[in-house]
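Each of the next two complexes has chain A plus one other chain: chain B in the first, chain C in the second.
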Partner chain A sequence: MSPRLARIGLFVAAASAPVVFVLVPIAAFLIMSFWRVETSQLVPDMTVANYAAFFASDTYPRVFIETLQLCAIVAVIGVALGYPIAYLIWRQHGRLRYVLLLLFAIPLFMSYIVKIYTMRSILGLQGFLNQGLVTLGILDQPSLLFIYNRLAILLTMAVIFLPFAILPIYLSLERIPRSLVHASADLGGAPLASFRYVILPLSAPGTIVGALFVFVLALGDFITPQMVGGPSGFTIGRVIWSQFGLAFNWPFGAAMASLLLLVAFVVISLAALIARRQRV
Partner chain B sequence: MKTRISRRGFLAGTTAAGLTLAAPAIVRAAGGELRVLTWEGYAEPEWVEPFKAATGAAVSIVYVGSADEMFARMQGSKGADYDVVSFDTSIFPRYIDAGLLAPLDVAKVPNAANLAPAFQHVEAIMRDGKQYGMPFGWGSLPLVYDKAAFPTPPDSWEAMWDPQYVQQVISQDDANNCITLGAIVAGVKNPFNLSDADFETVKAKLIALKGNLLTFFAGFDEGVNIFAQNGIKLMYSMGEPQVPALQKLGVDAALTIPKEGAIGWLDCWVMSAGARDPALALAWINACLDPAVGKVLTEKSGYGNTTNTAVNDAAGMTYGDRLIWLLPAENYEKRVQVWNEVKAA
Partner chain C sequence: MATRGERIFDIFLWLLAGLVFVVLYAPVAISALFSIVEVRRGDILWETATLEWYARLWQNQSIMDAIRLTLVVGATSVVLSAMLAVALALYVTREDALGRRFIELAVYLPFLLPPIVTGLALLMFFSQVGVSRGAVAVIIGHGAFVLAVIYRLVVTRLQSLPASLVEASSDLGATRWQTFRHVLWPQIAPAVVTGSILALALSFDETLITSFLAGNEMTLPIRLWAMMRVGFTPEINALVTVVLLVSIALTIVIGLRLRAGGRE
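Showing the complex of A and B:
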């Protein structure tokens, strides 16, 4: 076997896994979104009726837009929490920096469902938050203010996806040469001015990438809203989910999933573009 | 596709999967063999062993966890792989239309005389004057309440709509069950066959309920935990077993079937169109209608039985005649859509 042939063989072997496990399922989805259902049977077809039905609905497009808004707010909260943490880690020296970084990455190794339950037990009527507030005398009695509403969704998602905000922000901070920060100080820049004119602009790309990561992850999450959101925990992910059970309208579900995928793809491409420009 | 009432999910996670794999191995030479396709709890040793001794036949049991899986197994062999099957009344048309069931020769099931009055004339198991099933086990989707808040049981589902209990009410999240309950409470004549106008009525009714809910819950344990942790007073329950589970967590809970009625599910034994030995299959169905079997079913599994009223009464399951037995609904896709609209409102 010639080295060239061997190289091609190796490439095929390496490429086959993502093709089989990622591209083929996605392609199957896209194809199914053009099918239709007739008397509980899937019928292969080439119809855009599912997409038309989505845009004609007076409920689903609204739920889609509300979900996008929700995820945008989650992204903003994620960055608002993530940036100070990443900055704090970056300001540390030596081993402490990596210990802290590891500490904030540990939730990544935990089960996602466990994290939701944990958040629920923190925010719930008998949760730590309420107990703390009652003990401190801030509340007279435990409140349902923090659970089974929109606030609970925002808080839970922001916390669950926090590591995905912290890591890209930290990476972009670490790329800033210390000499630039020193130069700013040498030229008389107060710490706040150095931050405002040097650090913040240079870490902006990583911050935006972190926000987009959180946005996309929140977009695909239909369990958190349902579990902590109460009556307001209804998102487009849940609409898609509902088409695969009792309703048995897989093609309609596939069409909505394809639209969701399209939005996620655009957002990820944007993140990739920003990340690449930073490297220059 | 129909999905099984989630009570099955409760059991399925535990042992059904393992048994489904293991059970087909229990096969003996053809001849005296009965092949049973059923839910967990419906073919217990307490009546399987006496049946084996009485008939000399072997019994092979296959458990499944969902109605869809059960139908797929029957459809796959056109019924030839099984002799007797059990499922609830709402799925009968699907099986009869597919030609998977054989009508029962009621004369060969003398124990049918043991059936309690509420189960002697079930319309859903009849087709063209022929009877296709024998009622065996049942349960309901009741209103569960906290006795501390209700010294006397709430007499109407409307209690869930009472603004006095805002954020102290939770509901299950099944599209079909919720639409059906909305129709029952709104007084729609046939809650399983809604017109477009009915759907609008039900939708408005359910949107009003949503304003009173703390949250929906998805699963037996989930409902029990949310109830216990958040001072809930009323719950549209997924089934009787949630009450003892709540009591175990220290909630003084009870269930009631309000005056409007409540959804009931009624599982029946049927004979497969491909039954190898119809006489043996009928003997099994007959054996299951022994009041002694009903006693074990209720005391061991917590399901209502159809033959032993005294045991039902002792277990508090006195309301079989006030339940609205599940029927196939007019359009499941429409129900999911309306339910989505309620949740998005």
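Showing the complex of A and C:
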């Protein structure tokens, strides 16, 4: 066997598993978005009817846009709360810094379902938030303000995905050479000026990556909206999921998921681009 | 010297961090509370306090089945993924490797894409090639999902090794296998172990991809999701408390290992 053939053979062997278990399924699902369903049977076809039905509908495009807005707000909350916390951790030294970092990383691995359940018992009609507000006299009686609506989805997602924002922001802060911060102080820069002209610009790319990361995570979540969103809190993830249960329209679900994939792909590419630039 | 303004700002930061800490750790506190006492209409009935639920936990058959399946899925998918990750990492770090970026793209995609897309894609693929929903489908799904994590750690470790290590080994007459077994493996083993623990923690909690692939064979998160619709019993809260404490312990182990690895 020639060396060239051997090289190609080795590549085929190495690439086979990722291709079969990742790329082929993704291709299969993109293809299925052009199929149709007839009397509960999948029919292979090449029709854009699923996409046409999506854009012609009164509700789905609106739900899609609203989902993007919701995820954007969750990402903004993630950065608004995550940045100060990451900054606080970064300012500490030695063991304290490490312990703080670990404390805010641990929730990443706490059960996702249990987090949703906990948020439900905090936000619910008989929940701790309502009890607290009634006790404080802010509310006369427990209200449904915080549960089974969009606000509930927003708050729950913000809590679940916040730790995912803290970590990338912290990592981008950590990459700033200490000498730069000291130099800025030595040159007479007030702490605020150092922050404004040194720390903030240098940590901005990592912060944006963190926000994009949270955005994609929120975009694909369909269990949170289902469990705390109530009848009004629909997101595109929840609509897609329903196509695989009662509605049984896989091709339509695949078409909507393809649009979601497109958005996710753009966002991830953007994040990768920013991350690569930062390293240069 | 810190000015007055800075001190106030610092206090504000600590208060914010404290508040967020309380919210993030509420799941542990609330599960532990509900597992010990009864809570009715937001009032905690302290007189009902008991640890009985922890003892009864082991008698719930459906929960024990779910835990067993979760552990089997986790162990199988992580072992398969770790082997594949090492093979791929060895391949892409070869000088004559073809399609490096192509392989990395395929490895990272399931980790980066929204899980709803990964889950759906695998479900549709499996339905066409005749793999039914169940344990096997879930194992492949988890394997694809956690591969990126182990791969990343192993590749980083391999790239940090001097090329002279392998050259010296082959100059001394070692075969490829001997070089791997006695030179490379001892160097990458810690990364494989750390990656595998991380992967296990991810697999243990994976819910969204699993929800498409599990069918009637429920892993623990899927079982908990089904139970959430009717509300958790004190028994489930006892279980959840144990699970959360285990995952916290696991995260601390990962954190310590990553820190030790970074120091080398």
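Here is the rule we go by: the second predicted complex is superposed on the first by the 240 of 280 C-alpha atoms of A that agree within 3 Å, B and C clash if a C-alpha of one lies under 4 Å from a C-alpha of the other, contacts with A are read in each partner's own complex, and residues count from 1 in each chain.
Assume contacts are C-beta pairs under 8 Å (C-beta built on N, C-alpha and C of every residue); 3 or more make two chains touch, one makes a residue touch a chain.
What you see is a predicted model, and the numbers here were worked out from it, not measured in a lab.
Enquirer: Touching A:Leu102 in the superposition: chain B (first), chain C (second), both, neither?
Expert: Touch status of A:Leu102: second partner only.
Enquirer: With both complexes overlaid on chain A, does A:Val198 touch chain B (first), chain C (second), both or neither?
Expert: Touch status of A:Val198: no partner.
Enquirer: Touch test for A:Tyr148: chain B only (first), chain C only (second), both, or neither?
Expert: In the superposition, A:Tyr148 touches chain B alone.
Enquirer: Who does A:Asn249 touch here: chain B (first), chain C (second), both, or neither?
Expert: After superposition on chain A, A:Asn249 lies in contact with chain B alone.
Enquirer: See if chain A has more residues touched by chain B or by chain C, and give me that chain.
Expert: Touching more of chain A: C.
Enquirer: Could you look at A:Leu23 and tell me whether it touches chain B, chain C, both or neither (first, second, both, neither)?
Expert: second
Enquirer: Taking the superposition as given, does A:Gln126 touch the first partner, chain B, the second, chain C, both, or neither?
Expert: After superposing on A, A:Gln126 lies in contact with both chain B and chain C.
Enquirer: Tell me the contact category for A:Ala15 with respect to chain B and chain C: first, second, both or neither.
Expert: Touch partner of A:Ala15: chain C, not chain B.
Enquirer: Figure out whether A:Ile73 sits in contact with chain B (first) or chain C (second), or with both, or with neither.
Expert: neither
Enquirer: Which partner chains sit in contact with A:Gly233 here, chain B, chain C, both or neither? Use first/second/both/neither.
Expert: The answer is first: A:Gly233 touches chain B but not chain C.
Enquirer: Residues of chain A that sit at the chain B interface in one complex and at the chain C interface in the other, please.
Expert: 126.
Enquirer: State the interface residues of chain A toward chain B in the complex, per the touch definition above.
Expert: Where chain A meets chain B, its residues are 40, 59-60, 62-63, 124-126, 144, 147-148, 226, 229-231, 233-234, 238-239, 242-243, 245-249.
Enquirer: Quick one: in the complex, what on chain C touches chain A?
Expert: So the residues of chain C touching chain A come out as 3, 6, 13-14, 16-17, 20-21, 23-28, 30-31, 34, 41-43, 84, 87-88, 91-92, 96-99, 102-103, 106-107, 109-110, 112-117, 120-125, 128, 140, 143-144, 147, 201-202, 205, 207-208, 211-212, 221, 224-225, 228, 232, 240, 243-244, 247-248, 250-252, 255, 259.
Enquirer: Show which residues of chain B lie in contact with chain A when the two form their complex.
Expert: The contact residues of chain B facing chain A are 1-3, 167, 173-176, 210-211, 213-216, 218, 229-231, 332-333, 335-337, 339-341, 343-344.
Enquirer: Help me check something: in the complex, which residues belonging to chain A touch chain C?
Expert: 7-8, 10-11, 14-15, 17-19, 21-26, 28-29, 32, 81, 84-85, 87-88, 98, 100-118, 120-122, 126-128, 130-131, 142, 159, 162-163, 191, 216-217, 219-223, 227, 237, 240-241, 244, 250, 253-254, 257, 260-261, 264-265, 268
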